[in-house]
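Common to both upcoming complexes is chain A, partnered first by chain B, then by chain C.
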Partner chain A sequence: MTTTMDETGTREHRHGGTGGTGREVKPVPAWRRRLRPYLLSVPALLITVGILYPFVLGAYYSVLNYAAVRPTPEFVGLDNFKTVMSDPIFWTSVRVTAVYALVATAVETVLGVGIALLLNRSSIVGKIFEKVLILPLMIAPVIAGVIWRLMFNPQFGILNHVLGLGSTFNWLSTKTALWSVILVDVWIFTPFVAILVLAGIRSLPKEPFEASDVDGAGWFYMFRRLMLPMMWPYILVAVIFRFMDSLKIFDHVFVLTAGGPGSTTRTLQIGAYEDSIINLNYSVGSTYMFLLWALVFLTARYLVSVLGKAQKRAAGSET
Partner chain B sequence: MATELMPGRKRLTTGSVVADLAVIGWFVFSLFPIVWMVLLSLKTSAEQTSTYFTFSPTLENFGTVLSDRGTALTSVDFTSALLTSVVNCGGAVLVSLVIGIPAAYAAGRWRYRGSNDLMFTILSFRFAPELMVIVPLFVIYNQVGLFDTKVGLIWVLQLVTMPLVVWILRSYFEDLPADLEQAALLDGYTRRRAFVMVALPLVRPGIAAAALLAFIFAWNNYVFPLILTGSDNSTVTVAISKYLGGGGQAYYNLTAAAAIIGALPPLALALTIQRYLVRGLSFGAVKS
Partner chain C sequence: MNDSNRPPQTSRRDLLKAMGFGGLSLAATPLLNACGVGTGGSTGGAANGASEVSGSFDWKKAKGESIKILQTPHPYQQSFQPLLKEFTAKTGIQVTADLVPEADYFTKLNTELAGKSGEHDVFMTGAYFIWQYGPPGWMEDLKPWLENDSATSQEYDFEDIYEGLRTATSWDFKVGSPLGTGGQWAIPWGFETNVIAYNKKLFDAKGIRPAETWGDFQQLAVDLTDRSKNQYGVSFRGSKSWATIHPGFMTQYTRMGCVDYKSSGGKLTAAMNSPEAVEFSQQWVDLAKHAGPTSWTTYEYPDCTRDLGDGTAAMVFDADSATYPKNKKGASREAGNLAWHPGPAGPDGSYATNLWTWSLAMNSASKKKLAAWLFIQWATGKEAMSRGVQQGAFADPTRQSVFDSVFKQTLGAFPGYLDTFEKVVPETKIQFTPQTSFFETTEDWAVALQDMYSGKDAKSSLDDLAKSSDSKVNA
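Moving on to the complex of A and B:
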């Protein structure tokens, strides 16, 4: 990327279209002008390379048998992938991660869009609450995990008391733990979807709604035919962020359950943590992460292409 | 009716009452944990597990958490964790700004070959599974002596702060009409002066928003300090999680007090940049 600079059509040229203008008092040689964006990007490029280095090293670990007990690792090809993929606990992690990401994203999207629509009405109640909407989102997920762990406590936790469940209901049992950590995710991240969608709704043009109101269109028709298609890009941006983040969820789950009880909340990143940091088997942990990274990468590619199409369609429906 | 979709007309109907109730319902769910945390932080150790809403409130726990007495009780040095977090996050944001602003300007102002590749690589750090990078870093840091150091953490926090700064600021620089700098150039400014005197002041809100948001996310980060620091440079998030771990007596009231102290800086910062929050959180994708 550093060799050819022929297509450095700078924007200042395109703007200064009417002949002769754009000439600087002290002319800067063309080669320096072309080089400028590259020079400005050099520090960022160096940092990027610095971050990519451990990343590539991590990918390399997955074809070694590197562990703390084996400081001089050997090349083992795809053995780690074979081992990991024939291990039932890996598939448990995949299932937990998939359920977590799909359910959390779906619930947060529906709730977030609902809250955005509710807050968009000009009501006093909505105005008051809009200010505090983002509070859970700005608290560290770890702190959220700590708060909820105390609330979930069967003996003195407030939830069982307020909901009248007595002191026997266990929010973090084998059966309930996954749903409880998803509940906490919903508590933290629904405001994220809500504020993005709310900003989207507020940026929509008013004319189509007024026009179809005059035409006597019903609420549901307008929502489905006008608002939803125009809002769709905003919803998708929120969905992309939430889904990608859920696939690599760690913080609050780790504090709440550390992957337990059993492996019922052992997401892929928690699995990788167990293998590489607790068991000090770096290669197995890296194999987990490489597979997760591939999953995240492919999902991102797909979702971004969906977003591109939706943006085009929404732009079309506005005109 | 239809106009409900767009604000403007105010009427008190069954529909609007139900909608208001739904809003209130969400906010009870949303705020209750925070309120309960505050209540818990005001209880004495005797009251922490024995009562729910009736107790005699005291601010003593906050003092305990921040003093040596708290450190002796819980073996968590919260004050030094606070200090470490401030230094780490401040340092990480500073590095990201110094390195990110020129890159964001270049990407926002010119289309040059490789620009998009660099930008999307930086963005991909935001979505990459953290452990993919941490595991090798854990090994490297232990070899080169960066384990449990502030420098080591500032470096790895670039994964959090750099994408935010670069992407948010690129969207601000893109919105800035090139004619403004062009005019300055015609007046005899050098490119550098035009940037410093014209472009930079105009995106100041963007810089502030990006910096504060980066600070918040660096502050809230848990997985990097959890794995890459030990007892010397433990951060606020790691310190708070330690209150619950380990055996011995549990100090839930102290945990709550520490959680509140740890949550306050991000909350305060978030409120000051509320106008720019949506744009920041979506990396410039949603402009409001």
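Moving on to the complex of A and C:
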């Protein structure tokens, strides 16, 4: 088949070959060609509107004093931001969220990379574990929260029983609650990091490793000088996913502690939920969400720029 | 083939970059979506529909209509579910009941009412929620419906419902006004008094009886605690929720002579930091530490009743109707061994008790208000309530006539239940001061107790609570 363009830009199709009929195909009208890009972009546009509408609405609410008890809201400028940011409980939530995200991401990354390296060695056990490892990811975090809440229960939970802690050790006390909810996060999401990094390791070229082997390099030397720099971009992608996800953590933490005891595990999302859904104070809840969005956005921008540099280094275009 | 003719290829770098931005999008999208809470935005509720009903009363007046009701799975709902077909036969109105688990029920209800969609015509609610749903006009005032003989059967005896319950669901939404003023925002359907349920078999084996005073109660609970045997004295709620305050805590708090707010000149002043309140709150938290569940700060009522039913807890200080099902044959390990007691009296002999009432309310955005009212009227009427008690597990009916005639007959295997009820019911009412920031300030109260449990000084915790509550309730 050949395609030519006439002077008006109309596309004309002809079938070649001895057996072809040479029948003319009706030219596509110009208006349809002009409309086609817009039609193609409609689904994406609808999705964008679906995302942008609540965002703009949330931003708008954050400058009003809108609450269920004030159905006719007034414009209050940045008062909500001043109120929220002068409240110590907000900064407690920022601290809890930051500690949660940093610790959970760090532990999951270290464990995930370690597990990926172990699974990369071809063995029957590795292949079985590869399949089994994905199971926690198949459980919704809310369900995981319910399961772990039962396991954490000092009266009848399996953890105290197996670990011989009796009925007196409280996994969700003021001192332990934050670490316990991080433990659940690690249980759910370490396989995610492991699988992502494992996929990265398996896509690495074999030649540099073979050359190093010929030169007599040891395993650790090859890992430090070859594998780690080359798989660093994959690790960073896993870190970006997990860190961003951890910043907006809500589900299993809410199920396990509802943000307590006191405010020990009150993340920013739980704060926003309390204000918006429980207290029906939509403007304060939206302010929380807007501040969290800013935090996520700026952090993500920074991490993506770090990722870009790591990619260049891995490709050898930047030293 | 030159480069420009090659199909576009995604390089490893592009893929990684896309994955990085994918992470950003994944992180941001739920945040953006969550910002769109409460898209109602309009003012007030729809006009009251009672005035549109005229002529003589007839149960078939809305024949052919269909209504939707929103409920949470609860013994009250479960007792009535088989009776819905009888309502349809009586009125010609089809009823669809949507169920949402209690943990998510009010989140769903808040969101729906704020959106003013009118999807559900009738919904189950508690009295405290009226203080929040009423001011924005999300609920229909049922007083005009009760007063309209064209809409309400002459046999419907509203005064038969216990007075404390009728006033609990009525308020004018003015700061400082007592309950019982203003509109009737819901009709009480079932209710709960907060008393002690205990393991009678254990008590009998030890030759002891429930304590009559607060001091004796604390000592008894400690004596019954043996952590090495995984047994503890008394279970009560401690989770980070307003629901931690309203059952046992508020009941005993009131019996000890404490109040939440003092009202003067249309302004409320928080009194949770009064000397007597500080002393009692510290004793309550100490009781949780020394004789309560180890993970008290996560405990909700199902945890408490489960421990009682399993024999782990010797007593529970919570709703009588929550512990009642645990004594039914086959419902728990200790079924048949439980009994009830009013709990410790106050220093002046007070048995003041806080109540919870599951009530039926009408969505002001409903398009089928007559059908909705006929359903509420039927469900809270003598006939249907009696059938619910006889056929189901409907404890504590809100009508005195049903309680006296039908419910009493079901209490043979529930030692102390009736005596306890009759002892506390004259002083049973909502012991909270009504105010529109109830959920926020009462959850703050639970947080203050949790802070004290973690070791924070009681006076400073409650001073902080009182200060923040003052500004919220008078805003």
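Criterion: the second predicted complex is superposed on the first by the 278 of 319 C-alpha atoms of A that agree within 3 Å, B and C clash if a C-alpha of one lies under 4 Å from a C-alpha of the other, contacts with A are read in each partner's own complex, and residues count from 1 in each chain.
Criterion: contacts are C-beta pairs under 8 Å (C-beta built on N, C-alpha and C of every residue); 3 or more make two chains touch, one makes a residue touch a chain.
None of the values given here were measured: they were computed from a predicted structure.
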Touched partner set for A:S276, first chain B, second chain C, both or neither: both
Touching partner for A:P261 - first (chain B), second (chain C), both, neither: second
Contacts of A:R121 with chain B and chain C, given as first, second, both or neither: first
Contacts of A:I51 with chain B and chain C, given as first, second, both or neither: both
Dominant contact partner of chain A by residue count, chain C or chain B: B
Touched partner set for A:W232, first chain B, second chain C, both or neither: neither
Partner chain in contact with A:F156 - chain B first, chain C second, else both or neither: both
Which of chain B and chain C A:L303 touches, first, second, both or neither: second
Contacts of A:W148 with chain B and chain C, given as first, second, both or neither: first
Touching partner for A:D251 - first (chain B), second (chain C), both, neither: first
On chain A, positions contacted by chain B and by chain C: 51-52, 54-55, 57-59, 61, 149, 155-156, 203, 234, 237, 241, 244-245, 247-248, 269, 272, 276-277, 282, 285-286, 289-290, 292-293, 296-297, 300
Contact footprint of chain B on chain A as seen in their complex: 1-2, 4-5, 7-12, 15-16, 21-22, 24-26, 28, 34, 36-38, 40-41, 43-45, 47-48, 50-52, 54-55, 57-59, 61, 111, 114-115, 117-123, 125-126, 129, 131-136, 138-151, 155-156, 158, 161, 187, 191-192, 195-196, 199-200, 202-203, 206, 209-210, 212-213, 217-219, 222-223, 227, 234, 237-238, 241, 244-245, 247-248, 250-251, 254-255, 268-269, 272-273, 276-277, 282, 285-286, 288-290, 292-293, 296-297, 300
For the chain C and chain A complex, residues of the former touching the latter: 12-13, 16-17, 19-24, 26-44, 107, 110-111, 114, 132-133, 135-138, 227-228, 230, 239-241, 293-295, 297-298, 307, 310, 312, 436-437, 439-440, 443, 447, 450-451, 453-456
Contacting residues of chain A [partner chain C, same complex]: 51-55, 57-59, 61, 66, 68-69, 71-73, 149, 152-156, 166-174, 203, 233-234, 236-237, 240-241, 244-245, 247-248, 256-264, 269, 272, 274, 276-282, 285-286, 289-290, 292-293, 296-297, 300-301, 303-304, 307-308, 311, 315
Residue ranges of chain B in contact with chain A within the complex: 1-8, 10, 16, 19-20, 22-24, 26-27, 29-31, 33-34, 36-37, 40, 48-50, 52, 98-100, 102-103, 105-107, 109-115, 117-118, 121-122, 124-125, 127-133, 135-140, 155, 158-159, 162, 166, 178-179, 181-182, 185-186, 188, 190-191, 216, 219-223, 226-227, 236-237, 240-241, 243-244, 252, 255-256, 259, 262-263, 266-267, 270, 274, 277-278, 281-282, 285-288
